[in-house]
Amino acid sequence: MTGMFEPVTAVLGIPAVAAALLVALPGYRLTATLNVIATFLTFLAAVSLFFGRPQPGPYLLVDDLNNVFIVLTTFVGFTTSVFSASYIGHEIEIGRLTPRSLRFYHAMYQVLMFAMNLALVTNNIGVMWVAIELATLTTVLMVGIYRTHEALEAAWKYFILGSVGIALALFGTILVYMAARPVIGEGLDAMVWTVLVTRAGAFDPALLNVAFVFLLLGYGTKVGLAPLHAWLPDAHAEGPTPISAVLSGLLLNVALYALLRFKMLLALNPGALAPGPLMVTMGLISLVFAAFMLYRRRDIKRMFAYSSIEHMGIITFAFGMGGPLANFAGLLHMTMHSLTKSAIFFAVGHIAQVKGTQRIADMGGLTATNPVLGWGLVLGVVAIAGFPPLGIFMSEFLVITSTFARAPWLAIVLVFGILVGVAALFLRLNTIAFGEPRGATAEAKASYVPMFAHLAIVFVAGIYLPPALVTWFQNVAKLLG
Amino acid sequence: MAVILDLVVQGLQMLLVLALAPLLTGFVRKVKARLLLRQGPPLIQPYRDLARLMRKEVVLAENASWLFRVSPYFIFAATWVAASLVPTFRTGLLFSWSADFIVIIALLGSARFFLALAGLDVGTSFGGIGSSREMMIASLAEPAMIMIVFTVALVAGSTQLSTMATFLVSSEVGLRVSLGLALFALIMVAIAENARIPVDNPATHLELTMVHEAMVLEYSGRHLALIELSASMKLLLYVSLIACLFVPWGLVSSGGAVALLAIGVVAYIAKLAAGGFLLALFETSIAKMRVFRVPEFLGAALMLGLLATLLLFVSRSL
Amino acid sequence: MRGGLSFDIAHLLAGSLVLVSFLELYQDRLYALLNMFALHALVLALSVAWQAHIQDAPHLYVTAAIALVFKAIIIPVALHRIIVRLGIHREIEKVVGVGPAMLLGMSLVALSMVVMLRVTADADPLAREDLAFALSVVLLGLLMMVTRRNAVSQVIGFMSLENGLVLAATGAKGMPLVVEISVAFSILIAFIVIGIFLFRIRERFDTVDVQALDRFRGERR
Amino acid sequence: MVLLALACAAVLITTAAIALAIQDPARARHVVYGICLIVSSALLVIALLALFGISQTPSAVTLPLGIPWLGARFRLDALSAFFLAVVALGAAAASLFALGYGRHEPAPRRVLPFYPAFLAGMSVVVLADDAFTFLVSWEFMSLSSWALVMAHQGVPDNVRAGYVYLIMASFGTLALLLMFGLLAGPDGGYAFAYMRAGQLSAGAAAVVLVLALIGAGSKAGLVPLHVWLPLAHPAAPSHVSALMSGVMTKVAVYGFVRIVFDLLGTPAWWWSMVVLALGGITAVMGVLYALMQHDLKRLLAYHTVENIGIIFIGLGLALAFRAHGMALAAALALTAGLLHVFNHSIFKSLLFFGAGAVLASTGERDMERLGGLIHRMPQTAFVFLVGCAAISALPPLNGFVSEWLTFQAILLSPQIPSWGLKLLVPAVGALLALSAALAAACFVKAFGVTFLGRARTPAAEHAGETDRFSLAAMFFLAALCLVAGILPGFFIDALAPVVQSLVGARMPVQSGVDWLSIVPIAESRSSYNGLLVFLFMLLSGALAAWAIHRLASDKVRRAPPWDCGYPDASPATQYTASSFAQPIRRVFGTVVFRAREQVDMPPPGALQPARLTVEMRDLVWDALYAPIAGGVGFAADRLNHLQFLTIRQFLSLVFAALVLLLLVLAIWP
């Protein structure tokens, strides 16, 4: 039994311990390597979850659904830590970061990992809430780490909006408990996920509805759905790039995961209003809104932050549509988006260091000046724009085709949004990657490995998905109903 | 035996069009002159001109290319083939099926294509004027021609000139609106295509409104001879086209006896004479129009053709 | 029908919390607002204590204590000092006047009633009423946040919103983790309050007025 | 069979990787284009074997790729085989050409990797047998060609061209996505076999048709979706332009045929009206645009638009006949369309090669700065002339055959009962004739201004003949033009299985007819013998030449041209491209392009030159694309204010959302 528990405890324990260590340890090389090692071990532990899963206890639960998320999170966490090791080095050299703040940075990185893993593996909606709040706070601190006006302002905005979101989410959680209590009885059980799911049919639908509204807005703020998105672009733009990658690639997913859990709950209750339409609407709004917002962006990181909003919209839409195909597509899209978007942020961070700025106007002709970097970015944007043979195309293919047969108008709006987004992305890409070179070209030695590793995975996934993965996703899709 | 006869007849036809073409041109000139109360050149003047040109040396512009020298032969060949495929005195010639009405138009098209290129070859602005205007005219004349083909083909149920002629000669045709329109359009196209008044003036040489003459301005000697010859063959072709489509009487159907052939030839020559006379009459009675009125003229022809076709699409009996 | 009296008292306390929220909404002076908030926290503490009593759930007393000590005393004092330190001008510039704000508040309360009373009655009435009140407190807090320009008053709005949450949490009979959650929230608030210091907003900006923060809203224009 | 074809595609993909590996440009060039030449020849052989019934039953295979539970399905039936042959032929020619032409490539590393990928994409599209594989390869094709368009990214125009191209491409793909969604149904039957079996409601089928027209049409260049084409095709390196114009547009046609004729089942009568109308408009608009150009490659690109129109006219007629159960006529029309696909792919490639050769040796694409090249590069001039004659549909070359067949098909259409078609078809016929005539004018201009006359610039003055690889490729294609022109019967017979499989009938066997002439229906009705016409012309031309040179004079003297007494006029006095087009511009342009001419003549004695300024507007762009772009920009600007709100305002957004949702709950039944 205890043996069964090893992986989960490891997934939670390693980051916690590492965090404690990293606070104590000086020296950036050591801490960076330790950071990498820790995340790598966490990843291994997560992978080992495939083989031994603990019985769902009152606090911990590992099923197909969150297993997807855990593995994804830990993997991107690992690659990002590799990238950040090389990235942060440069930041130190140019003196944007002090060693002190760096120590803090690494510790926070591990805390964030811990918080996200906790939010994923917990079986208790209360703990889940706490974990997500923790994740929010840590990211707030990391966003503000540069202490520039913009950074502080972004952190503050993130903090205020995030806190309100958190508050709403908590209210929703309480309401769920209230709904569950008459059926399940007082005490812990009424917050334990596995129990809730089994009895959800008998809950009071009206309460569930109100609860879902609050949860949707609360966790939706974290997902970055419009009009709750405001914190996201600035937080991405002003924080250190690795954090932007983690935010886009992971934190949004975690919040989405919470949302999905509650969606399942509602779906199980016949009386409750269907959560689908709400999510579909939010998704479409976010998609179209973000797509238009892409046009007037001057800051490269902020632009890709908006593209994250856009894709979160698509994913939310897919899950809102429901059905085996759309859910499968949603999961696939989420995975691919995490990988691609973090890869893009790796590239962008590197570019920002090379060019010494994030202003799109000051970069140009990258494919000529820095071929590897430039083409890497092009490939990433091509992937994120949903061009085959890269992974996102498959998910978009499934979403659009399966939707059009069911709800033509929605599909048309979806397609419209995607097209507008693609147009905007390439409008900017043309000036960044092509045309005559512009702007300074400093020497920056961030590693290409994580970026191309991600892109390679995305590329392969676009044409070949291993059967095991497929069956796994299909189970999850069934689970999501 | 029959094949040989057919072969002979086909050859005869080819020679006939070649022989008669200058004569027709001369005839038209003569009649025009007479209508203007002038004496006019003798009928055989065109033959004399050709012979003289043949004997003269060719004066080539300095930067004339091989294309310039090849074009006359090509133009001549294309026109001659086209002309010899139109039934003149006898339908169902041996090779008549090797090309239908559309092909004949296309052949004239390729002749024009090379003529226009030759006009551009020397690189003087005269040639440019000529070819650009020629192509503008053609761009309207050709569709009109195709529409005429449609009309007749829909009536006769075939694009083969022989079949058309044999059908039209038969009694079941009767008078048809569409055919009337087509005839009208065909005449207009013929006038434009042969650079006759009012579209162009074959008699002028240095005039900013000229089209055909501007293109061939640089030609001389044998080349000019070939071009003149193919021009008059083209005229002959159109006249005999009108003849075999709209006055098909006297056309000998295939396998006719020699006596009949003689009649056919006579009838054909009579038709040519009539056609030439009418053309001359028309030309003397009308003034040349400005170049940019030509599109309207030909547009009218195109519309007539289209109208005729539409009528037939709507009802086969119109 | 468990003890009508206890029910009524709980009801009364919850209702008065809503009332105090209205009073907060009414204030246009920072100090007065602070005092009102202290009162708000006090009432909350009372109602939580009462819940602890009627549910005989001793751990709720902790929550009550936190509410009392932390929210009713420490925070107001801290904020008071901030105001003095940063020399923030006393009155609060509102976006909408008191009257419209009140009207809005009313309609919000009505809305929360309607929404909550649709809940089938078999969920026990106590919880139901409490929820209705809690929801209105939450909405009023949010309303305050969006109708005030001044950061301190926004913080206060947020805190009264959070009081509503605690009210709901305690009203939910036998809900676990209430203490943990309230602690977590207190930390959150502490962060916010400290944030005003920590970001040394005074040094960087002329005022804590959120608009000044927004002067640097990312894309420099 | 199909596996072999896929293997070839795989080889091409690996070649792309190899191209990245090799550093030395010259070696890379030889390796890449060499391999491409070999592989595409192999593909050609495979396709022909498949077409000529070595394996009459379509060979299919399913690979464990793509949509996991479906696999990537490939199938090589008659239709695929034909188009694969077209693709492979074009690819082989282009590779051969590029062996020499690649020398002039300024940025080979931006071309070499993508070129094989592009070929692979095109050849896989025609093999795909399920929606996902089809779209992946389709979009892969677009993407690689986009990269090739961006190859010369130094020029801002090219970047813009690539941008427009990519947007239009993804627009088309999204349309196809929706369409396949409809065909596949909610539970995702993405295999073509499933779609074939499925039965759609009339409305759904109509939507599918429209989406297919948008999707395939935007790639093929149907007006009004053509805007990207004249921008993108010229921007690419010339051998790629040849592929894009000559082959990729045909792949788009394949997509349309596959969907509408194969997957969609029996058509409704009005479909053909849409297709015919679009085809006719496209044909005429395309050639009119082309006439107004003086950039040689852009002229050719616009001309592709025209020919696509002609092809769609053929397809539309086939649809019309099929809808009314006239299988034989449908077979004729479809054959005409497909034959034109083949023909156009040949002579358009040839012409782009010629343009490329000119570009390489003069560095000029602008005809106004060329001229007299026939003296400097006679062989190129000759093959280009052949191409021009072929594309202008002059007998005895191949372009004429397909147009002649189309006319024959039109002449069959009065038997169609429906009135709409009765009125539309003649009009389309007139449009077709008009476009043919205008095409001739257009290519007189193209050839005359570029190759004839006197050199207008030193660049043209000192041009030299192009290399032998390029010449080999061009002569090969020119020969094909002639062969396909004088022996069309064989090609028509080759198309028989394709047509049979699509409309259930075929044209009568041509190879049986004596004297090798072609007979669409019956000899009494119409027949054409390219061979005899060709021989006749050869004979009579030779006869005339012989006679004259033997019996009359063959003396030649060179002299200055007639100059009206103003000696040695400068080359600038020649007719330019725009002045050549001026009469036609006056006739059509004033309506179609709102063309305005304005002359400012200086007063007598003034020294500045007189100016003629022509101002034309692209109505399609103004009416369709400019508003869209404007609208998006406007919306972007409006929404952009949301980036600059205060925290409080953002909070009020959240608040509003919350209240709204609660209201929804409150009024929920």
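When the chains are written out, they are named A, B, C and D in that same order, and each has its own residue count from 1.
One rule holds in what follows: a contact is a pair of C-beta atoms (placed from the backbone, for glycine too) under 8 Å apart; a residue touches a chain by one contact, two chains touch by 3 or more.
Quick caveat, the model's predicted, so the values are computed rather than measured.
The chain pair B-D and the chain pair C-D differ in C-beta contact count, and the higher one is B-D. Our note on geometry: subunit B versus subunit D, Cα centroid distance of 35 Å, whole angstroms.
Averaging Cα coordinates per chain places subunit C and subunit D 69 Å apart.
Rounded to whole angstrom, the centroid-to-centroid distance between subunit A and subunit C, based on C-alpha atoms, equals 31 Å. Look at where the CA atoms of subunit A average out and do the same for subunit B: the two points lie 78 Å apart. Looking at subunit D, residues 643, 645, 647, 651, 654, 658, 662, 665 sit in touch with two or more other chains. Shared contact sites, meaning residues of subunit C that touch two or more other chains, fall at 115, 118, 142, 145, 154, 213-214, 217-219. In subunit A, the residues that touch at least two other chains are 156-157, 160, 164, 206, 210, 233. Listed by label, the pairs of touching chains are A-C, A-D, B-D, C-D. Subunit C makes touch with subunit D in their complex at residues 95, 108, 111-112, 114-115, 118, 139, 142-143, 145-146, 148-149, 154, 210-211, 213-214, 217-219, 221. Put simply, subunit D touches subunit B in their complex at residues 371-372, 374-375, 378, 381, 385, 389, 392-395, 400, 404, 407-408, 410-411, 413-414, 422-423, 425-427, 429-430, 433-434, 436-438, 440-441, 443-445, 447-449, 452-454, 515, 517, 523-529, 532-533, 536-538, 540-541, 544-545, 548, 551-564, 569, 571, 573-575, 579-584, 586-587. Those residues of subunit A that touch subunit D in the complex are listed here as 156-157, 160-161, 164-165, 168, 206, 209-210, 213-214, 216-217, 221, 227-228, 230-231, 233, 273, 278, 289, 292-293, 295-296, 323, 325, 365, 367-368, 382, 385-389, 393-394, 396-398, 400-406, 408, 411-412, 415, 418-420, 422-424, 426-427, 430, 434-436, 462-465, 467, 470.
Residues 14, 54-63, 65-67, 73-74, 76-78, 80-81, 95, 97-100, 102-103, 106-107, 109-110, 112-113, 116-117, 119-129, 131-133, 135-136, 138-143, 145-147, 149-150, 153-154, 157-160, 163, 206, 217-218, 221-222, 225-226, 291-292, 295, 302, 305-306, 309-310, 312-314, 316 of subunit B touch subunit D in their complex. Only residues 643-648, 651-652, 654-655, 658-659, 662-663, 665-666 of subunit D touch subunit C when the two sit together in their complex.
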